[in-house]
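Here come two complexes built around chain A, the first alongside chain B, the second alongside chain C.
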Partner chain A sequence: MNGLAGARSFVARWARGDTWTVGLIVIFVLLFIFTKALRSTYGLDALAIASLPVAFAAAGQAIVVISGGIDLSIGSVMALTNVIAASLLATYPELSVPVVILVMLIGALVGTVNGVLVVISRVPDIVVTLAMLFVWAGAALLVLGTPGGSSTPWLREITTGTLGIELVPRALVVLLVVVGLVWIPLRRSRLGLSIYAIGSNRLGAFRSGVHVEGTKIAAYALTGFFASLGGLALTASTGIGTPIPGPYLLLSVAAIVLGGVSLAGGRGGLLGPIVGIYILGIIRADLTFMGMEPAFSTVIQGVIMVIVVMVGAYLTLRRREA
Partner chain B sequence: MTGSATAVEPRGGPLVVARVWLRDRPLVPLLLLLAGLVALLEVVQPGIVSVNWVASTMRFAIPLAILAACQTMTMLTGGIDLSVAVVASMSAYVMATTQSDIGWLAASLVALVPAGVVGLVNGIGVGLFRVHPLIMTISMSLVVSGAVNVYARSNITGGTRVPSEITDLGGQSLLGFLPNSLIVFIPLAALILVALRRSGYGRLLYAVGDNEVASRLAGVRVGRVLVVLYLISGLLAGFAGLIYAGVIGSATGRLVDPFLLPSVAAAVIGGTSIFGGRGGYAGSIVGALILTVLVTFLNVMQAPEAVRQILFGAIILAVAATYTRITEGS
Partner chain C sequence: MTAIPQPETHATSTPPRTAPIVAMNDIRVSFGGVHAVDGVSIDLHEGEVVGLVGGNGAGKSTLMKVLSGAQVPDSGEIRINGQRVTIHNPRDARAHGIETIYQTLALADNLDAPSNVFLGRELVGGLGTLDDAAMESATRELMERLNPRFKNFKAAVASLSGGQRQSVAIARAIQFNAQILIMDEPTAALGPAETAQVRELIRQLKADGLGIFLISHDIHDVFDLSDRISVMHQGEIVGTVERAGVTTDQVLAMIILGKKPDEVTSEELAALH
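So, the complex of A and B:
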């Protein structure tokens, strides 16, 4: 088999196995072609920058949901890492690279704390992360009482503008490279398989020798890591740190649903939720371009989500009965 | 009369006996915690616990307890209703903006209509389309909060005022220590408590939450049960919003929004399982009281907002973890 045929059969296999994501990409491309907003006032790079923090949050939420949990504290963790990055960068502007690495480590550490608490308290994930939502939001306020701090130039440079030809926004490249570097090797590793295993059948995974508790903690650590990337993206795009959590919890859960990740765990990937975020972003840009009030466009986005989840659930129901 | 578990004389030391005794009476540790918190408050600030203080604590706890009823009932079926807070805010705002034209009673009833509609849509999504309740109610809360903003724009000249009948109900007390809102809350709570234990519908909620497939096979129309449940939840949320507007004495489009997570927390520390089938409303009422006293306590300590939030989260988690250990036994 030559390389081209191999690649073609790989794509075909992937498309068959992941029809939902393929459908999302088709919708995105259609929206992109028929959207005037992106070519006149609001470039694709603006869309990519605005979506970057949410896209990282969606990737993080996807990992923990695949493992059978949910992280309600993701918005607070983003706020916490955002203010830590902004205040450290304001104090030590010359140490920007170590600071960024440190913030990523803090994100993973915060996620680990969430995971350990879920495992040792035996309280449902949703309750633990609900309580931690308050704790991390409070911690963010401790770090920075009011919006402030600053960013570093290179953080902004790698995420703004386009690369090469006009069509490829840098923020999109950063997103795909970072998520790909972490997720593609992980998915093929033993840990990745274990994350899917404990999500789809916890007891079955345990009896097959998967270290359920360790895997769960690792999934939360990864979510914390992606949340810290979201926080860094906030620092890069706003240039400051804001201690109040944004609407990222809601958006990340919305992206999970749009992206075809099952809330029951064990199914889905990271590409779907990310494409879902871009579709939500493009719809928002369209509505703004059409001169719609922001309040009204929130209603429309909500209605679209309600319709999508209902149709999605209905199709699943039909398939199960068939 | 001795409970069935104590009659079997558990082996082991007094610790085990105490644990089994507590497991059969889940309200006892909660009431102890509540009493402990009140005592601690009195120690930290002597003289604060008075008749007036009890009345004001109850006034603030009642709307939270009604919202916790929404969470308790939906959680019994394995669901959750994350739209209650925005629905409550919506009802309060609609009431406050329409009362000058149509009077307070008609305005209150009109305000419950959109609340019921949102609940019905939630119910149709969860019950008939089988959307995950978390997703369905989060999506609907996006729609509702947007709709409230649109309504606020169109109503910019109207102005808001909470009528005196509502502020009397929410913010005043009978004989100086019995909050007026108890007049509506006691019958409502009694109805929910009795309905959950004794009525066929209440038992269906436990049945659906405990084993949905089995109840379906036993002939329960699960879809209909859920549609009615989320409709009730929406109406109760709207009602809670009206009472809270009375407590505060004013209404904005976001008035009750901060109550969302506490309403879930009240039901959880009240011992209702988020996986369904286990729990009850009595615990949630005590849970709402505990959270209200806790907020007072953190305010009295004059801790900065950051520390208050951290302690609030940590205490919710600690209570939930302890409670899980006591009630699930070894």
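So, the complex of A and C:
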């Protein structure tokens, strides 16, 4: 199959199958226009840099949920890779590129450990990764007892500001390029299909000859890899390492629910959750600009999520009946 | 009504007794203390349909899981075309030309028909990417033969009807030059028209020379399609009979009483009615 036809059929499939994501993008554009009306100085770059760590987490969480699992340790893995990156960059500032690559490998390795434990123990994913949440959080504290370390200038440079016009923040470009480089080839590979297959019908996939266990481990490894990118993004945006995990686990789950990934597995993509993160972020900004009290604004965010997910479930039901 | 091309004659007569393509000898499987399959021997010839019947828990599905690689037996040997083979998982079974159509369809609901047909054996193009175009056109070609009314090649199979889903399951089984087909309750979830279609298909596959093990609760299915009928009861084979030599009542008696026709007294037979 030639590349152009392949690309065309991919885009066609996406537009046909992923109306949910298209709808989310429309909602986001409307929200952005509304935000501009509230405060004309508001730029996409602030949203993009603030959303970058959790957007990587959402992408990672989406992969493992599509495979039929869930990774509760994703926030801890982000904290762990964040402090490893910050302390290594403080000690070896001249080796920043190898350090960044090493941190990515550590993320993939940590994810592989999660996956192997899930496969070998046969304990439900949610239990194993809950246990690993504590293990990796403890490991982060062992690496760095208090917030500290440092970043490297180029990490900050590639993620701050915009490329030319204001609507193209660097953080968004980095996000889309990195996720695209990993996800698009994966989606078009046997492994990608296997990830959807085991999430859709694990026993059926096994009976069809899919390597269920290897696929599961690979999915967790990819999630760990994306978590490490989230950790690196934290290092870049904060300039230090913080050993206490942020609220990224719950945000990543919220984003995939909003982004059209089925928690039952087998359905959804990565773009939806990423747009979901942006929507959650811009709603937060809007509520602040409108002078909403912070405590009340989290209530509103929760209510909006419930409404969006209910509308989604309603639309899905109607389409089934049609 | 169906547009499936009919074979010249419905070759339900017994095929010549060549060497069997499948011979399972003295197969045993137990779960804890329960002997699900207890020393069963069964064989299958080219172009033959062997019906496997028995009550719930008789061991027929477990026996077929052994052949399809979903269950590793405790002991016993399996010969394919005379060669002794070991089957540890579904991939091994497929390598020997054994395909299975499960009662609970083993389809990945969120994937489309071509992805399901090729799942586990995907076609890849250059750079290791999936060759969707080739998989779709092969699936279309296959469906032309199996179910010409099947048009929905892009939708997730969750949205298809029971008959269409069964067509996908059968397409997957025969796509890769299967020699031996195991059908576990192939018509259980289907309406009358779809059942007729599947029966027609089984006759056609048989005419193509496949050996088919047919597990069914429906005694009419079994009588209509099988050359021989093996009856299982409590993990053992009660007997294997030529379809032409028995009545449905005799087979029912074997299923319920666990005895061969000549061992059943007329009182016992009368008590069944």
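Just so we're on the same page, the second predicted complex is superposed on the first by the 294 of 322 C-alpha atoms of A that agree within 3 Å, B and C clash if a C-alpha of one lies under 4 Å from a C-alpha of the other, contacts with A are read in each partner's own complex, and residues count from 1 in each chain.
Heads up, the rule we're going with is that a residue touches a chain if its C-beta (ideal position, glycine included) is under 8 Å from a C-beta of that chain, and two chains touch if they have at least 3 such contacts.
In this text, all values refer to a predicted model and were calculated from it rather than measured experimentally.
Q: Kindly classify A:Leu117 by the partners it touches after superposition: chain B alone (first), chain C alone (second), both, or neither?
A: The first partner, chain B, only.
Q: A:Arg190 in the overlay: touching chain B, chain C, both, or neither? Say first, second, both or neither.
A: A:Arg190 sits against chain C, while chain B stays out of touch.
Q: Which partner does A:Ile33 reach: the first (chain B), the second (chain C), both, or neither?
A: So A:Ile33 meets neither chain B nor chain C here.
Q: Now for A:Phe206: first (chain B), second (chain C), both, or neither, which partner does it touch?
A: second
Q: According to the stated criteria, A:Gly266 is in contact with first (chain B), second (chain C), both, or neither; which is it?
A: After superposition on chain A, A:Gly266 lies in contact with chain C alone.
Q: Comparing chain B against chain C, which has contacts with more of the residues in chain A?
A: The partner with more contacted residues on chain A is B.
Q: Chain A residues touched by both chain B and chain C?
A: None.
Q: How about chain A: which of its residues touch chain B in the complex?
A: Going by the criterion above, the answer is residues 70, 117, 121-124, 126-128, 130-135, 137-142, 145, 250, 253-254, 257, 263-264, 293, 295-303, 305-306, 309-310, 312-314, 316-317.
Q: Which bits of chain A are touching chain C when the two form their complex?
A: For chain A paired with chain C, touching residues are 1, 5-6, 9, 13, 16, 185, 188-190, 192-193, 196-197, 199-201, 203-210, 262, 266-267, 320.
Q: Which stretch or stretches of chain C touch chain A in the complex?
A: So the residues of chain C touching chain A come out as 68, 70, 89-91, 94, 100, 102, 105-111, 115-116, 119-122, 124-134, 154, 159, 172.
Q: With touch defined as at the start, can you tell me which chain B residues reach chain A in the complex?
A: 80, 121, 125, 129-132, 134-136, 138-140, 142-147, 149-150, 152-153, 261, 264-265, 268, 274-275, 304-314, 316-317, 320-321, 324-325, 328
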